[in-house]
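Chain IDs A, B, C, D and E follow the sequence of writing; residue 1 opens each chain.
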Amino acid sequence: MTSMGWLLPLVQILIVLNAVLIAVTYMVLLERKVIAWAQSRLGPMRVGPHGVLQPIADAIKLLLKEDITPARADKWLFTIAPIMSLVPALIAFAVIPFGGHARIFGRDVPLFIADVNVGLLYIVSITSIGVYGIILAGYASNSKYPLLASLRASAQLISYEVAITMMLVSVIVTAGTLSMVAIVEAQLHNHVWFVFVQPVALVVLFIGGLAETNRTPFDLAEAEQELTGGFHTEYSGMRFAMFFLAEYANMIVVSAVVTTLFFGGWLPPFPNVGWLAFLGWIPGWMWFLVKCFVFLYVFVWIRATLPRYRYDQLMRVGWKVLIPVALANLFVTAILKVWL
Amino acid sequence: MGVNPAPPAGPPDPPPPADLSVPGFISPLQSALPDAVTQVSYWVGDWTMIVATNRLLDVMRHLRTAQEASFDACCDVTATDWPPRAERFDVSYALFSTRHRHRVRVKVRVADSQAVPSVTSVWPSANWLEREVFDMFGIPFDGHPDLRRILMPDEWQGHPQRKDYPLEGPGEMLLENPMDWLRLRYEP
Amino acid sequence: MLEAIAFYGLAALILGFGVMVITARSAVHSVVFLVLNFLAVAVVYVVLGAEFLAVIQVLVYAGGIVVLYLFVVMLVNQKRTPEAHHDPHRKTGLGIMLASAVLAEVTAIVVYTASAPSASPIPVSSPVVGGNTEQVGWLLYTDYLIAFEVASMLLLAAMVGAILFARRMD
Amino acid sequence: MSLFDTDELVINMGPQHPSTHGVLRVVLRLDGERVVGADVVIGYLHRGIEKLSEHRDWQQIVMLTDRMDYVSAATSNLGYCETVEKLMQIEVPRRARYIRTILSELQRIASHNLWLGTHAMDIGAMTVFLYNFRERELILDLFEEFCGARLTYSSMRIGGLPLDIPSGWARKVSAFCDLFETKIPEYEDLLTHNRIWKERTRNIGVISGADAIAIGLTGPPLRGSGVPRDVRKDEPYAAYDEFDFDVPIGSAGDIYDRYLVRLEEFRQSLRIIRQAIAGLPEGPVVGKVPRLIKPPAGETYHAIESPKGELGFFIVSDGRSNVPYRFRVRPPSFCNLQALPRLIKGHLVADVVAMIGSIDIVLGEVDR
Amino acid sequence: MHLYPITAYHYLVLAAALFALGATGVMLRRNIIILFMSIELMLNAVNLNLVAFSRLNGHVVGQVFALFIVAVAAAEAVVGLGILLAFYRNKETLNIDEVNLLRG
């Protein structure tokens, strides 16, 4: 038993890490296919039936590509920037509850790596480290477009983090806990998904999530049409792939957080309604994945639909709309929490 | 190709037929600025005024501001090269009035390296057009704010639209070592 | 045993990164090492059972304050490197001496105190699950409420001051 | 942004840049992200078409005009042929003029399609790009059926057309018009009332009507500033005097109004095409053209309304040789591009991209 | 003092060393930004002390103080960097030895 005590988390980490990386590569395929569908074309079709092997081909291509470091780049920073971008995105998965507890080989196994009592804050703080990858990439490239892009990206990340954190505090106040698992359980005990309690928080958090992950309409930092690709203009090969993985891993993190906080995580819909109990037959982690998928789809959908904001407009939306709304929401939540 | 052995010495610029009424803006111009317009011609529906180079700006200002003319758009500035002639270039301006919807062409004749007063102060749109004429024909414009080459590289030698500039360009010299050829200009 | 390994490993990281911060030639490199240093310190906090402080360390220090440093380093595109200028009044040797004197003194005090018989090892108290954040919050809003408010006023004043400084004087 | 304006930054946008639509180079001087000065450098695609034309005979030049505004070859063909016809005083048969009108309006739609697609893509709306290419493809099919080419058509000859329209072609054009009418709302759904699109385009690059004329803008950018200037109305050519259509004008003179003007031009073009198809006369498609084309000595300037603006040809014939003595194009893109530094001054880098898109340039025509 | 087991004193020594490092940085470097960063190192050393004492005493008051130090550090960084930017605009350098406006 004690020998298994340290083995289990290792196995879990291994599974989650691999699952995330595979999910990320297939997220790219999903995005291409969904956008293609929205634009009345087919998307990748050549590699495998309907292009299902395309991500593997892409990965092989990126691995085999020559890894170029610009001559006047700061080589050391140039190398660690993608790592500093990818690592936070991956270790954020440590506290995400993919499910409750499951019985595997007669043992009670939690379907999350760690249930930290500051789980939500952990995610916020870890993702705030990701900004270094972007700034350093722009600086280390020693090139003007990446520098502009990285300044844009970091200003954007920092300003939207404020609104996001405040929205998270609203949810924390509602749930009365910081632990991700406990938040899901609070939704079970309160008989309601928090999306119905905190709808404003969901909207602000999702918009902020779009901005944090540099997605349309907030993808200024990698706006190909303006900045020729943004902070990773000078990157190629595997180091470019790391930025790519980080972006999509962050999308999955945002979807997972939104699912956990607002849509009951691994819980089936209306878990306390008697006649809907049959939904409980579908395992919790399936519900979690389905809910995540819906949000990932929304990410892609938005990309296919909206144009891009301009830098100053983006800042205005962040500071003059989202943060006041977040403050007001937090205020109202706190008052209701005390009085009700 | 089919280039004539004896190049023509200039456009015909035929006078208007006697039975055609002259547009309303020409005679006020002639009375306001006597002997600025040296010749009025008409061909397939286009009216052309040939103007003395030193009076060009006066004529243009008049055409821009006079009520009956009000040519507010300078559509085109270009030149034609007639090498046998002493004043070898025709610089022609295509003007249009958005109010009266009429056109006129104004031409001045200048010799090689003789400057033409720039009309950019009258129509800002002439800026790039005059730069192109400078680039292609080597006609300098007096008072132009930014007279640089526009289509050809800054180091280019010669002016390609002149009739004595070969179609093939500088030929073998450029092809063998383009950088040497481009640099020649700066050497003594 | 586990704690010893963690402690010595982290101590090595913290001091190593600290040395890199003050010796790195480029200011950007310094900033990167400072971040790594802070992350290692955050892990020490976790080992010491202060999870909330660890998260705040990462969120505010590494994710906020140091980003600000990085911004400034990148913005001031230095035309003359500060190290190029030499000040004859500067006494580098004296500086090193003073610093090592401080280190020796502090270490001596600590070692002396620790080897004194009254010293007791850290009581083995397992961190209370979910309690740390709550305890800190409770103290902040009861016993230290006035200090908390003063700190928030200080931040507000700093914000106003920073905006005034950063604005170009026309 | 006051934090960032410690230094002035000079960046080169182009000649290799995704949204300079070819090989335009703009040297931007930035204060933070704000543009304080811009210098437009062109000439990277200069092929000397004007010089070359002075060494090609009159019919061969049609082919060179294809290669100026290569997304709108038919209107360039039309402008050149009409200029030579004017110089030679050739009467073009009515049927040929009608078909020329249909072709140039189809071309206008195709060109505006390409413009809208790339413009929207520059501002980040990716789907609009593919929707527009979907419809442009249908127009290219129509052109292919008419003349065999999909891009460089050489679809006109001095004195008329190379050949009559294939049987059933007119019906296909009508069918396309009906289809296209249902597609315009799709573009509008994605853009016209989209908040982000409006924020990105409204009050950006505003220019008043008088300023626009003075700086040489023509075509949709000029009409967006509220000047009802359209060569098709002011100096009708081909068969435009026989059709009913409106000249849409904007009021604010910003990017959004230019967008609205072009979108309305889609509808007006459809209106013209429908009238032309309905009233298409019978008869020959080539007028009385001498076997050897050699216009009498003289010079003329003739302008048409290309999708980009006023496309003028100034041609001088010496009456002796079988090549033009002087061949000059007044390219609308060139003159419109001249306004760029003035339009973007004081805006942000992102607006530069939107502005280049909104004046709709084709570098093949700017540099010739 | 022994290497094992780890006691609060070990953390105090670590904090002292970190503080000394910061002090050395302040004395040796001329780049104002690096000076600031050295000060941050010293503040962190203090925080480390506080947390270690909090562990030693078994209550969280030390952590509360550490939080206040973080707040003060944030204020210090913001104002300090603001002054630094203003200084840089005037002098175009970041050398601490040239900060001598008051000296006349």
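In this section, a contact is a pair of C-beta atoms (placed from the backbone, for glycine too) under 8 Å apart; a residue touches a chain by one contact, two chains touch by 3 or more.
Please read these numbers as outputs of a predicted model, since none were measured by experiment.
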Far-end chain from chain E, centres as C-alpha averages: B
Dominant chain pairing [most C-beta pairs in contact]: C-E
Intercentroid distance (Cα basis), chain C paired with chain A, Å: 29
Inter-chain centre distance, chain B versus chain D - centres from mean C-alpha coordinates, in Å: 25
Inter-centroid spacing, chain E versus chain A (mean Cα positions, whole Å): 34
Distance from the mean Cα position of chain B to that of chain A, given in whole angstrom: 63
Contacts with 2+ other chains: residues of chain D: 3-4, 6
Contacts with 2+ other chains: residues of chain E: 85, 88-89
Parts of chain E lying in touch with chain C, wherever the complex brings them together: 1, 3-14, 16-25, 27-34, 36-38, 40-41, 44, 47-48, 51-52, 54-56, 58-61, 63-64, 66-68, 70-79, 81-86, 88-89, 92-98
Touching residues (chain side chain C, partner chain E) in the complex: 1, 3-4, 7, 11, 14-15, 18-19, 21-22, 27, 30-31, 34, 37-38, 41, 44-45, 48-50, 52-53, 56-57, 60-61, 64-66, 68-69, 72-73, 75-76, 78-83, 85, 87, 89-90, 92, 94-96, 98-100, 102-103, 106-107, 110-111, 113-115, 119, 121-123, 125, 132, 135-136, 139-140, 144, 147-148, 151-152, 154-155, 157-159, 161-166, 168
Partner chain A, residues of chain D touching it in the complex: 1, 4, 9, 11, 17-19, 33, 120-127, 130-131, 134, 190-191, 194, 196-197, 199-200, 348-353
Contact set on chain C toward chain A in their complex: 26, 28-29, 32, 35, 39, 51-52, 55-56, 58-59, 62-64, 67, 70-71, 74, 129-130, 132-133
Touching residues (chain side chain D, partner chain B) in the complex: 42-43, 46, 48, 50-52, 54-57, 86-87, 89, 210, 213-216, 218, 227, 229, 234-235, 297-301, 303, 310, 312, 314, 316, 318-323, 325-326, 328, 330, 334-335, 337-338, 367-368
